[in-house]
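You will see chain A twice below: alongside chain B first, and alongside chain C after that.
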Partner chain A sequence: MNYSVKDKITPNQFLFFILQTQLGVGILSLAHQIHKDAKGGAWISVLIGGLISQIMIVIFWVLLKRNKASNFLQAMEKLVGKITAKGLVIGYSCFYALVTVLELSEYIRIMTKWVFPETPVWINILIVATAAVYLAKESLRVISRMYLFVSFLIFPLVIFTIFGFKNVHFTYPMPFLEEGWLGIFKGANLSFFYFLGYEAMLLTYFAVEGSDKDKLKAASLGNLFVTLVYTFTTYVCLISFAPNELPLVPEPVLYVLKSYSLHVVERIDLLFLSIWMVSVTTSVCSFVYLSSIGVAQLCKAKNHKKFVYWIAAVCCIGTTFTLTPHRGEMLDDFIKILSYGFVFAIPILLLIISLFRGRES
Partner chain B sequence: MKRIRRKARIPHFEKSLSFSPEAKDVSPSVKENIDYIKEQLFNTDDILERDIYFDDRQGKLIFLETLSDKHLIMESIIKPLERAKVGVVEHVITSSGFEVGESLDKAISWIISGKSLLFLEGIPEMYVCETGLVIKRDVREPDNEGIVRGSHDGFIENLITNLHMIRNRIENPNLVVQYFTLGKKSDTKVALVYMKNLAKEELIDEVARRLNLIPTDFILSPGFIGEYIEDDTYSPFPQLLYTERPDRTIAYIMEGRFAILSEGNPTAIIAPVTLFSFYQSPDDYHSRWMFGSLIRTIRFASFLIAFILPGLYISVVTFHPEVLPIELIYSVKSSIERVPYPSLIEAFFMELTLELIREAGIRLPTRVSQTIGIVGGLVIGDSVVQTGLVSLPMIIVVALTAISAFVVPSHELSSTVRLLRFPLMIAAAMFGFIGMAAGLFLIFTHLAKLETFGNPYFSPFMPFKLKGFKDTFIRFPLWHLNKSTKDSTPDERNSEKAILGEGRK
Partner chain C sequence: MNSLTVKKALSVCFCILSLFILPGCWDQDLLKTADLVYITAFDQTPEGRLKMTIGIHDIPAGQGDKPICQTYTAEGDSTRSLRNALDRQTSGNFRTYKTRVLLFSGKEAQEDLYPLLDSIYRDPKAALDARMAVVEGEAGELVNLKELKGTLIGRFFEELLLGGEKTTLIPRTTVQSVCSTMLDPGEDFGLPYITNKDGAISLSGIAMFHNNSYTNTHLSVEEATLFLVLKNKLGDKGALFREISMDDKKVSLMFDIRDEHRNFDVGVTEDGKIKVDLQVKIKIAITELQTEIGSDYASMKKLEKALSEDLTRMSKQVIAKMQKSGFDGFGIGRQLIAHHFSYWKKVEKDWGDLYKTVQIEPRVEVETIHKGIIN
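Moving on to the complex of A and B:
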């Protein structure tokens, strides 16, 4: 499918599309996970993770800038030939669908633990999926509009976290280099996955109006914002919990919020979870949208609407199989390996091909 | 747009007024003509005819007494004719609208629109004089849109008077009135009013197209027109603004929107509008801008209260009582414990009672409706708590919600808000905060995709436009507003310049 007038978005909207796609389930458990490897330097790891994402964004950008076309499939057809291009698009569609499953299963895990311990899982999935599908079936422009609007919710997220400064200990994470640079890079390697979402560039880049420079600026700003939010929350968690406490709390952000009251509202973590749920919904919506856009491009369909329903249905059913801890971990590891391929290796490979091609002509 | 095209495929029924299919010319014989007209109107009893002698000819004047102004007929037709005795009819008759017709088919449509026809023996022509009877009430402030300060006039049921009020206020050659005749079985005159230099051309073309495609038999109210021309009939949100105030109408026209007025109804339809248009009132511009902004902010708060508060309360008491401070939990819980029903049923019971009282109050004359207020408000309100059917906090929530819903200056949006809180209440009762979040997400997604006449409905939020906020939550001083961009108009336009005729090439 080609992008119609209704799918064209401004660089500003592109910024928020990237931002909301990146900002997903990760924020709650980020500090806990990175702390395992990097200890007090976890926030540096997150910062480095953001930097790696930034480099990848530039790589994507150069690749897409050099291969102008009306959509991703056509750009790749020019670069690597029809069959490989189709394979690539199929691969990315599946990858996005798998990320959807991962997001959903992580969401369900936390929801079951914190809010709905006895609600059947499929109802939980249905709530998010309904909201996500309702938005994902719309045009890219509507989706981006909505993303920009819900981005206002990031302010309360950050403000709630700032209130957590009431009882903190700045010496908890010190020394930052306790585990050495090796530990920090290990953590950065892990945090890389929490920044996933900018690969949405691949399929949406050609729908953005404006110069290439504006597009790069938009994507980078989106990534910068996410990096700042992640680093900030990680740092707050590091100074709120003693180093030997943090491995025990899987969702440190929520525990920080739970520990204090605002006099008007007592349980801020519940409000935080409701807002976080919106962030997850937007991420799920993005990945479902991207996946269906890929399929629509393959099928040369007029729009992606009907694919959204099918892909969402498959993802929802798939999610129900991943909910045991063991399977969840397997899926997690599997997607980590896949992301190295789809977000790291393949784009770089494509860029190299593109560079060589460029020299030929 | 697609929808309207589909509707237009409905076969067009011929106007089933008894027009004879073959054209019939006026015959030289007066009697033949009169008989024909009477026959075509099935000898209805309100046809009057009067003998006329002019130019030594026997003639007849025929008209519908129920539609024509007898006094006007006497002054402008009969008297001049009798005084002159001979001459050219065109020169003698002093009626403001005068035509000479030759086809009798047209005679029928003329006569049922209130014109008088004059036939003279031996002349195969008829003289058509404008003698329509206009009965109209006085211009007064509409009851449903009262304001504190500002002009106190309102539209009435007469189209010409309404257009006069608009023209009188906008003395500008760019103001254009375009007439349409709608209805297959009964003609209703509808006027489309806009500023030529401010309204986008595509917008006017589109609305004209949609108006011409309306396939209905007759137009009862502007709601008829509205439902045919709006973009999304399945949306709970009103996409057209209805108002009876001329000042409000011209304010929108001067922003590049259009207004549709129809004969026989004091309501103007204004489009394209955004959600926030419904929260603006002329009063905002009559008070100082700070106070105007405060009032407007309160109105928006009322919007949120009206459709979120019941759901919020339900989710707090059913799922997350720990959100409340501990002292409050005790008093709320002690009140709820006496009620055996889940809070959703409480809420539904109370909200429905309130809607009942409201509906009953509207239909009844003022003196009786006071009784309703006492019975509904005092008796029901007090005794449901005493009986233990509904808890006290729920009464507070419902009452607050009701008041907030009535703050909206537009009746249409007020009903939308009242309607939307029911699904939110159900979502809250099922899934607490998460359900609310999901419900709100769905509603705002709907708002994000809603467009009216190609303009985003939830602007300036979606798409986000910082400049648009100058007249949204806060009413900036008026000299600021002159430069603000409006969605319905070309972006580069500076409204003041455009009004002076310099805006567009």
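Moving on to the complex of A and C:
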């Protein structure tokens, strides 16, 4: 499919698309996970993770800039031939669908644990999935506008985290280099997965109007913002929990908020969760959209609407199989390996091919 | 009417309908069926079992709107099993999300506190900002009073503790803040110490803990305030009464500490000794000065100097008391972890003993900013 006028978005909308795709379930458990490897230096790891994402964004950008076409499939056809290109797009579509499943299953796990222990899982899945599908079936422009609109919700998310400052010990994360730079880079390696979402560039880049420079600026700004939000929340968690306590608390952000009550609102964590739900929904929506766009390009379909329904249905059913902790971990590990391929290795490989081709001609 | 409008109207109806049937279907927890536990007391029976006494605030129907307090007691082995035992006694659903105060008897507090609190940390609905206190003697007895001077017992203790925090009598310790300190090898926590002398219940200082359990020693009220000032945890204000000698005269004065500035420096000397420098500058407002000393600049300076020396001496006493019971309330270990990590790794194992020998040099400097409306 080609992007119609309706599907074109401005660089500003592109910024919010990247931002909302990146900002997902990860924010709650980020500090806990990175702390395992990097201890007090976890916030440095997250910063480095953001830097790595930035480098990847530049790589994507160079790749896409050098291979201009009307959509990702055509660009790849020019670069690596029809069959490989189709294989690539199928691969990316499946990858996005799997990430959808991961996001949903992580979301359900947290919601069940924190708020709805009795509510059947399928209701929880449906609530998010319906909202995501309702949005994902629209054009990219509508989706981006919606993202722009809900982005103001990030501010309460950050402001709530500031409440955590009531009882902090700035010495808890020190010494930052307890695990050495090795630990920090291990953590950075892990935090790389929490920044996933900018690979949405691949399928949406050609739908953005404006110069290449503007597009790079938009994607980088989105990533910068996510990096700052992540680093900040990680740091707040590090100074709120003793080093031996953080390994016990899988969702430290919520736990910090749970320990305070304002005069009117007793449970800030529930308020936080309901705002966080929007972030998850937008991420799920993005990945469903990206997955269906890939399939639509393959089938040369006019629009991606019907694929959204099918892919979402498959993802929802898939999610119900991943809800035991063990399976969730397996899926998580599997997707980590896949992301090295799809977000790291393949784009770099494509870039190298593209650079060589460029020299030939 | 075309089919599009019908479709739209139907979907709107569907949305409104689901709004009615979906919320709270499975996880609803009605306040009217909940028995809200406001206060919980932990005691140890002579046989060494755990005894839990809870106070539930309730508004009985048909007796006006005056809330009453009901208490229940159970004995058992773990907090969670006791909860279930108590739930069987109460009429509604036993709910702890409104718990304001946890009381521990001195005897029970001498055990490790973490296992007692574990079920609270695990429960997504439990109240993590409940205050904690150690009681001299039986804690359950206090809860069984049900009401004290017209105030329900749960509320009474909450107000007592919150008030104490504001006036720098006791540290601000919630269930959550205690958890961090318990799991941190470099710091110990202190809990408010409550005494009951023939029905006169009052805050009597800070119960000192070491390695999650009560050391059976406590700081007195005056010592507690000074300790908190030295720890840089001044509340709204802190009041102290001192008797100092100045020019062979005894001067008694009462003052409020309004502001403080602390310099806390933990260093390791070259021969491997820990040296702690603790300097506190406080700004005070004199509220009572029983002896005439003159109001000129020179005599005020003299008073400040004498008071500084006196408070420094008293600080040394407080610190000696803390070191004797192994209570690292300042978090000196924490500072070592943060700034001298390799040294900490070496001494980590016998930190408990080493702490008692650490050389701590306190110095208090006083500046008077205010002395009431007369000279």
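For this structure, a couple of remarks:
Everything below uses one rule, namely that the second predicted complex is superposed on the first by the 361 of 361 C-alpha atoms of A that agree within 3 Å, B and C clash if a C-alpha of one lies under 4 Å from a C-alpha of the other, contacts with A are read in each partner's own complex, and residues count from 1 in each chain.
Throughout what follows, contacts are C-beta pairs under 8 Å (C-beta built on N, C-alpha and C of every residue); 3 or more make two chains touch, one makes a residue touch a chain.
Computed from a predicted structure; not experimentally measured.
By the touch criterion defined above, A:F116 reaches both chain B and chain C. Contacts of A:F272 after superposition: neither chain B nor chain C is touched. Using the contact criterion defined above for the overlaid structures, shared-chain residue A:F95 touches neither chain B nor chain C, since it reaches no partner.
Applying the stated contact rule after C-alpha superposition, one finds that A:Y107 touches neither chain B nor chain C.
In the superposed model, A:T281 makes contact with chain B only, not with chain C. Applying the stated contact rule after C-alpha superposition, one finds that A:V142 touches chain B and leaves chain C untouched. Look at A:Y205: by the touch rule set out above, it reaches neither chain B nor chain C. In the superposition on chain A, A:E245 makes contact with chain C only, while chain B stays out of contact range.
Counting contacts as defined above, chain A residues 115-116, 119, 261, 266 meet chain B in one complex and chain C in the other. By the touch rule above, chain C contacts chain A in their complex via residues 22, 25-27, 97, 121, 124, 127-129, 172, 174-177, 179-181, 183-185, 331, 334-335, 337-339, 341. On the chain A side of its complex with chain B, the touching residues are 10, 12-13, 111, 115-116, 119, 127-128, 130-131, 134-135, 138, 142, 145-146, 148-150, 261, 263-267, 270-271, 273-275, 277-278, 281.
Contacts from chain B toward chain A in the complex involve residues 320, 322-326, 431-438, 441-442, 444-445, 448-449, 456, 458, 461-464. Chain A meets chain C in the complex at residues 113-120, 123, 167, 169, 171-172, 174-175, 178, 240-245, 248, 258-261, 266.
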